[in-house]
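Everything below concerns the one structure shown next.
Note that the chains take the letters A, B, C and D in the order they are written out, and that residue 1 is the start of every chain.
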Amino acid sequence: MGDGIDGIDASQAAGKQAFATDVTVRFGDCDPAGIVFYPRYFEMFNNLVEDWCAQGLGASFRELHLERGLGLPTVHVETSFIAPSELGEVLRAELRVQKLGGASVTVSIRLAGLAGEDRVRASLALVMMDLKERRAVRIPEPLRSRIAAFA
Amino acid sequence: MGDGIDGIDASQAAGKQAFATDVTVRFGDCDPAGIVFYPRYFEMFNNLVEDWCAQGLGASFRELHLERGLGLPTVHVETSFIAPSELGEVLRAELRVQKLGGASVTVSIRLAGLAGEDRVRASLALVMMDLKERRAVRIPEPLRSRIAAFA
Amino acid sequence: MGDGIDGIDASQAAGKQAFATDVTVRFGDCDPAGIVFYPRYFEMFNNLVEDWCAQGLGASFRELHLERGLGLPTVHVETSFIAPSELGEVLRAELRVQKLGGASVTVSIRLAGLAGEDRVRASLALVMMDLKERRAVRIPEPLRSRIAAFA
Amino acid sequence: MGDGIDGIDASQAAGKQAFATDVTVRFGDCDPAGIVFYPRYFEMFNNLVEDWCAQGLGASFRELHLERGLGLPTVHVETSFIAPSELGEVLRAELRVQKLGGASVTVSIRLAGLAGEDRVRASLALVMMDLKERRAVRIPEPLRSRIAAFA
């Protein structure tokens, strides 16, 4: 495993500000074993990043994509599925900023069960893209400062 | 990034036997930017693992799950999204065995475009589980030997 | 088109009690045309039915499936996609009971935009199933009475 | 139920030309009851329509969307889920043209099990749209004639 995952632990130990929300495990998220089908966790991650942009950073995906021509694709992920989650459970989803580069930002994500126990831990590298020119661009202000507040 | 990804390169350089199939990028796989929505790649990975089990190892998910009470959940993934893929493209999906443990097997996956160029590279750790007792179990023979043939 | 859809209009005109919730259109719900990919509306419907069971009827899918061995599969749907919905929109989802049979319940669903305009209208027939015996069973009390309160 | 479903039976009795393909039920298609989660059937339908356009009509979604600015959204569906389908089953998917209008085409879809028995029957109304102007347009030749060959 990469050292990105260890990095998550370190940042959480340091008590950085997290963006957090609740996620309900839906019937459609679960597989024949009755637990979350793992690709669905990545949809939960993407929803979390969307909510963070809209509520935490003040720039919704709608605004970024449709008005400003900017995308925030995920270019690298490392994920550990530590314990299964079942139908109807409400998971706590937390996002922290691990690293802020010029065009990129690496976030750590943690999904936890009701007792606070780890279910999933992930590290996602996102890159700001000009959708028309299909190239990476520097994350503009004031978005950059707002992201930094989570790091 | 973890060194798992470097491990993929190494195993491919060594010319190990790969299980390969074609994957068409569907309308429903694509996002408003016209490219594959990244959680969909993990469904492609899971389909590839299913096909490998059924066609490459002679033990379908149906047989494993419904008849033998065995699951093969993914416990860790590392994935690099190297270049976007568009609606209607046919990707080459290749799976190789990186490491075979007692209850676990780590596979590397590569999705490539028509010209053979990298689109996605991933490393997945899978664990054989007794679904009833919800614990890891040693991968049984002759499945183990068949897996080893891809390593 | 079937007469089920006309039935929706009639029941709504009569002012029946609705179960309602809000649904955010996610990035992953949208297709390359930038609007909701229609199969995703059915996941929204299923989530709405889940929320109705848990919050409106006091019997969550988790309780029904895992504790009582009961499922509520959808056996028939009629849906009109009246106007497209875009990334980031918040839709109003309303569910009403159209018809309550012995083992079945037919609900009408309406998704509306911010100005209250129709986006999607649907009629879904659900049947209560004994999951072990795989046959329809009469909807038990007090679930039946609670469903009737929405009709 | 609407009379569209009866219409499907009639057209099939008359022996119209069908576009057909096979669909494997994937692990990710199945719910905790071990059967296909019904929204997934609509993804299968959309894949079938895509394959029909590309292979049956000679105009792929990619060509229509990216080169010609034309979309083919689904505006109305009626679907009966007759019998459940399980993990690993290979379903036969058939598409027939029920009705060809100016801008619209209504197709009937049937998914059948290995013994030819009905699993799902559906009727889908599709409309050709100019994606830029967001309005319905007459289905152009030679697409129209090719569609007519399936009616």
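We take it that a contact is a pair of C-beta atoms (placed from the backbone, for glycine too) under 8 Å apart; a residue touches a chain by one contact, two chains touch by 3 or more.
A quick map from chain label to UniProt name: A, B, C, D = 4-hydroxybenzoyl-CoA thioesterase.
This one's a predicted model, so the numbers in the text were calculated from it and none came from an experiment.
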At minimum, the number of touching-chain hops separating subunit A from subunit D is 1
Comparing which residue numbers subunit C and subunit D contribute to their contact, where sharing over half means same and under half means different, the two sides are same
Averaging C-alpha coordinates per chain, one finds the centres of subunit B and subunit D separated by a number of Å equal to 30
Separation of the C-alpha centres, subunit A versus subunit B, in whole Å, is 23
Expressed in whole Å, how far the mean CA point of subunit B lies from that of subunit C is 35
Residues of subunit C that touch two or more other chains sit at 27-28, 32-34, 37, 39, 43, 46, 65, 87
Listed in rising order, subunit D residues that touch subunit B in their complex are 26-28, 34, 43, 46-47, 50, 54, 60-63, 65-66, 86-89
In their shared complex, subunit C is touched by residues of subunit D numbered 1-5, 32-33, 35, 37-40, 42-43, 45-46, 65, 71, 73-81, 84, 131, 134
So, in the complex, the side of subunit D touching subunit A is made of residues 27-28, 30-34, 37, 39, 87
